[in-house]
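Each in structure tokens, the structures are laid out below.
Each of the two complexes below includes chain A, the first together with chain B, the second together with chain C.
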Partner chain A sequence: MSEIVIIGAGPAGIRAAQTLAAHGVKPVLLDEAGRGGGQIYRQQPANFTRNAKILYGFEAAKAQALHTTLSNLQEQIDYRPDTLVWNAEQQVLDTLHQGQRAGRLNYSRVIVASGATDRVLPVPGWTLPGVYTLGAAQIALKFQGCAIGEKVVLAGSGPLLYLVAYQYAKAGARVSAVLDTSPFSAQVRALPGLLRQPATFAKGLYYRTWLPLKGIPVHQGVKLLEIQGHQRASGIRWLQAGREQQLPCDAVALAHALRSETQLADLLGCQFAWNPLNRAWLPVRDPQGRSSVPQVYLAGDGAGILGADGAEMTGELAALALLQDLGKQVDGARRDQLLKRLANLQRFRHGLEQAFPFPEYWAAEAADELVVCRCEQITAGEVRDAVRAGHWEINRVKAMCRVGMGRCQGRVCGAAAAEIIACESGRPIEQIGRLRGQAPVKLLPFGLEISS
Partner chain B sequence: MKPLDYDAIVVGGGIVGSSAALFLARGGQRVALLERDFCGSHSSGVNYGGVRRQGRPLSQLPLSMRAHVIWSQLREWIGIDGEYTRSGHLKLARSDADFASLQAYARRTADFDLQLQLLDRAALRERFPWVGDIAVGASYCPEDGHANPRLVSPAFAQAARRHGAEVVEQCAVQAVEHDGQRFTVHASNGQLYRAPWLLNCAGAWSARLAERFGEAVPLSAAHPAMLVTEPLPLFMTASTGVEGGGIYARQVARGNCILGGGRGFALTPTTARPGQAAVLEILRNATELYPALTGAQAIRTWSGTEGYLPDDEPVIGPSHTQLGLLHGFGFAGAGFQIGPAAGEALAQCILDGGPAHSLAAFCISRFQQPPHQKENLS
Partner chain C sequence: MKESAAMPLFKRVAEADREPLPFTLDGQSAQGMRGDTLLTAILTCSEHLRGSDFNGEPRAGFCLMGACQDCWVRLADGRRVRACSTFLEAGASVTRDPGRRP
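Right, the complex of A and B next:
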């Protein structure tokens, strides 16, 4: 039997499931996590008792609404937690349940809402214990109620930087500093775009102004030099306005915005195109989320970074597209309203990119000794050597020097490797190709059980 | 456009075409090597990486023994060691009948210097304690081993380039003509390449060029399934295979184990993927053969597009219909070790007027039916 399947139970996946259920379609909702909500609205373990306001702050209402939606849907959908989709082929998904039991699921149509992870631009010392991504620092707090350290520095760029700082400080963790690589002038220039979403903008501004008021130093326009330490992170060094500064700390959270998780769309055969805004290859989709493959729909941050609100919209839109393609009657006015709101959000997203510009100098300045690929311990110099030997296509460079060949399969180092290759080869980044998706999407154990 | 003139044009930058180009360039010939994709990026670069003579049919052993010498001089030929290691190759028997056929193989190949050692159950346990109890015996070939194909195969093309060959990547052959003296190749880069010799080393895609000159061959493509584990403590001291087929495995110095077994499927004419069933079979069954893999994790799977002829023997040598045309393809998943010697033999056809080892067993004419039979069929 073929099912209608949604991969991912974050804001996009849950709204898609809700929309399908409302039209009498019972989808299978596959969730890699044990409880729905995705990363942004990740739920704490069932026996934890912190309230939503503490967990999600300003977003508590949205998080609760989404969780409630999912629990109210239990009868109308087939929700399968702890289920990783590790491979996808035409009409069939390969799954791994609780890390142990392999299964197959035939689909007639599938909505891929695979989410995002942090984009990491390595700095010396980034592989030391005590260094996390911003997303991981946030998850530690939301899921387990833990801070990543007692003197935490948050570094990089992107809206998450200020949000995590605010959440940490609110939760009573000590934030020693926020180091933002984007200059204040960029944020001023971005104002017109950002004002497209006044509410979201106001929240961002609130976090940004709240921090110094609480005595948390915010440094903008910094260039990160090094995370210091031997056995673990013990300090951070940076350059600001030509002056070198440093600060002791015991943990650093580092990221430069988010990157879409696109391996499943790739394995499903979707066409990709270079997306300058995301500075990444993304699966091609129409305004409602139809991919280039007739039965495959794309939603949420996995199809392009737009944030949690955008994910709810694209999830619902993809479900409406799927329903239309099934020949079901859908509310055209609702669809058009979503499309309009989405267009507004896209302009806001452009503003964000202006406010938190990608540090284009990074690749040229990365030292040869800097480890780019931590799984395989491949340095920037080794990547450059492969380029100097005549290779410029990223999969070829991978074959030559192992960058992206380890446990993470390039999910962590791929973006940084691409920057180095482009810079060293003198080619525009969109011309060096993209890392091919290869199953398994995440690790597969030997000796697994096979569901009949 | 004015054609570029060469002594020989090689079509296909896999290990066979690249080594042919290398040997020709070293022999003073002006060579153009045309590769549709990147050199060594298909079967030659994504295969298992076995460098073994053991298990090959007798017909291949003379060439394979010559390849064994080339491999021993790898750095001199291509400038890198390519992670080549003579770990030994251990062929496991899961039944007494399988062990008997390993014994028979050892007798049949006694004239070649393979130095095969037959190990009964006790000897196998003692020498290779990491092999699972499912094996009842084995045949060990101490000087066989393994290497990293994604480094070695492109390095043959690089070496050819260093010796003066014109290596053109991302350049597909669109049409080929012969004017009675020379071939003219129309390439996708808009260039015309002209030479009296043309080498068809296009792997799984070689049939078209052969057919163009009236030598249709029943070449089919298949897609071995491969996977690699995260780095593990070193335990697998030899490259292994199983008599009668099944899972084969080796461990690289970094600790990753590479396992193959079963087949994948074609995604497009030039790309392939291992099937889910093949991957699960390996994950489920490998621990019987290699118990140390219990609890390990696979991090990546892949496949490639390899050419097979019905008798699983390659075609190597001159065309029977077109003077100046040489073939080297159809290595049936076992071309990595023998590839450099096959390339050298093709180069010898040009440089020396004929190969140093007989290529009779690999003649393309074995697939050509006499004309009257053809008529009967039509």
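Right, the complex of A and C next:
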């Protein structure tokens, strides 16, 4: 039997499931996590007791609404948590259940809502224990009730920087400093775009002003020089207005915004195009989320970063497109309303990119000794050597020096490696190509149990 | 990789009132709590999860969402699991891979 499948039970996947169910279609909802919500609305383990307000702050109502939607859908959908999709082909998905049981699932149509991970630009010392992504710092707190250290520095750029700082301080963790690579002037210039979503902007502004009031230093326009430490992080050095500064700390959370998880769309044969706003190759889609492959639909941050609200909208839109393609009657006014709200959100997203600009100087200034790929321990210098040997297409460079070939399959190093290759070869970043998706998209155990 | 007088990496700031779960870490007795991932249980009493495959330098995970593959540890039955996405069970015997030096 061929199913209608949704991959990912975050904001996009849950809204898609709800929309399909409301139109009499029973989808299979596959999710790698044990409980629904995605990363942004990740649920704590069942025996934890903090309430939604503590866990999700201003977003508590949205998180609860999404979780409630999923639990109310139990009868109307086939929800399969703890299920990783590790390969995707025409009409069939290969899955891994609870880390050991393999399965296959035939689909007639599939909505891919695979989400995002942090985009990381390495800094010397970033492989030391105590250094995590901003998303990781947030998960430690939300999902495990832990801070990543006693004295935490949050560094990099993007809205998550201030949000995580606020959440940590609120939870009683000690935030030693926030180091933002984007200058304050950029945020002022971005005001018109940011005011497209006044409520979201107000929250961001609230976090930003709350931190100094609580005595947490916020430094903007910094260049990160080094995370210091032997065996574990013990301090951080940076440059601000030409002056070098240093601060002791035992943990650093580091990221420059987010990157889409596109491997499954790639394996499904979707066409990709360079997206300057995301500074990444993304699967192409029509405004409602139809990919270039007729049976494949795309939604949420996995198809381009737009945040949780956008993910809910694109999830519903992709489901409506799928229903339309099945010949079902859908509410056109609802669809048009979603498209309009989405257009507004896109303008806000442009504002965010202006407020937290990508540090384009990063690749030129990365030292040859800097480890770019933490799986295979490949340095910037080794990537540059491959480029000097005449290679500039990222998969060729990967073949030459193994950058992106390790266990994470380039999730962590891919963006940074692309920047180094582009800089060293003198080519625009969009010309050096994109890392091909490979199955299995995540590691599989040798002792895989095959169910008949 | 030597670990002299290990100071925990993670600090618990909430949910302290849970059932304690004993386990062993590299043969030494240790304690976590129900609902801890292996990563949390290990890093609240120690400071690393594995050694790098290329120089043995300590690693303690990075993304906590199953993407970076830098938090693998080994269980008594021989299974290698991601510490960030595997829950601690009472009596678990966890060993850390020291990695390799060139």
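As a working rule, the second predicted complex is superposed on the first by the 452 of 452 C-alpha atoms of A that agree within 3 Å, B and C clash if a C-alpha of one lies under 4 Å from a C-alpha of the other, contacts with A are read in each partner's own complex, and residues count from 1 in each chain.
We adopt the following convention: contacts are C-beta pairs under 8 Å (C-beta built on N, C-alpha and C of every residue); 3 or more make two chains touch, one makes a residue touch a chain.
On a predicted model such as this, the values are computed, not experimentally measured, just so you know.
Chemist: Based on the superposition on chain A, does the combination of chain B and chain C result in a clash or a fit?
Modeler: Overlaying the two structures gives chain B and chain C room side by side.
Chemist: Thinking of the overlay built on chain A, is A:N47 touched by chain B (first), by chain C (second), by both, or by neither?
Modeler: A:N47 sits against chain C, while chain B stays out of touch.
Chemist: Is A:R407 in contact with chain B, with chain C, with both, or with neither (first, second, both, neither)?
Modeler: Both partners, chain B and chain C.
Chemist: Given the touch rule stated above, what does A:R396 touch, chain B (first), chain C (second), both, or neither?
Modeler: first
Chemist: Determine, under the contact definition given at the top, whether A:G381 touches first (chain B), second (chain C), both, or neither.
Modeler: In the superposed model, A:G381 contacts neither chain B nor chain C.
Chemist: Touch test for A:L443: chain B only (first), chain C only (second), both, or neither?
Modeler: both
Chemist: Hey, is it chain B or chain C that touches more of chain A?
Modeler: C
Chemist: Rounding to a multiple of 10°, what is the angle at chain A's Cα centre between the Cα centres of chain B and chain C in the superposition?
Modeler: 80
Chemist: Looking at the superposed set of three chains, what is the minimum CA distance between chain B and chain C in Å?
Modeler: Once the two complexes are overlaid, chain B and chain C approach no closer than 5 Å between C-alpha atoms.
Chemist: Residues on chain A in contact with chain B in one complex and with chain C in the other?
Modeler: Overlap of chain B and chain C footprints on chain A: residues 406-407, 443, 445, 447.
Chemist: For the complex, give me every residue of chain B touching chain A.
Modeler: Counting only chain B, the residues touching chain A are 38, 41, 45, 150-151, 154, 158, 229-230, 267, 273-274, 276, 279-280, 283-284, 286-287, 293-302.
Chemist: Show me the residue ranges of chain A that touch chain B in the complex, using the header's touch definition.
Modeler: 87, 89, 92, 94, 102, 104, 269, 389-390, 393, 396, 399-400, 405-407, 409, 438-440, 443-448, 450
Chemist: Can you check the complex and tell me which residues of chain C touch chain A?
Modeler: Within the complex, chain C contacts chain A at residues 3, 9-19, 34-37, 40, 43-44, 47-48, 52-55, 57-70, 79-81, 86-87.
Chemist: Which of the residues in chain A come into contact with chain C in the complex?
Modeler: Its residues touching chain C are 32, 39, 44-50, 54, 99-100, 117-118, 127-133, 135-136, 139-141, 143-150, 171-173, 231-232, 250-251, 261, 374-377, 406-408, 411-412, 442-443, 445, 447.
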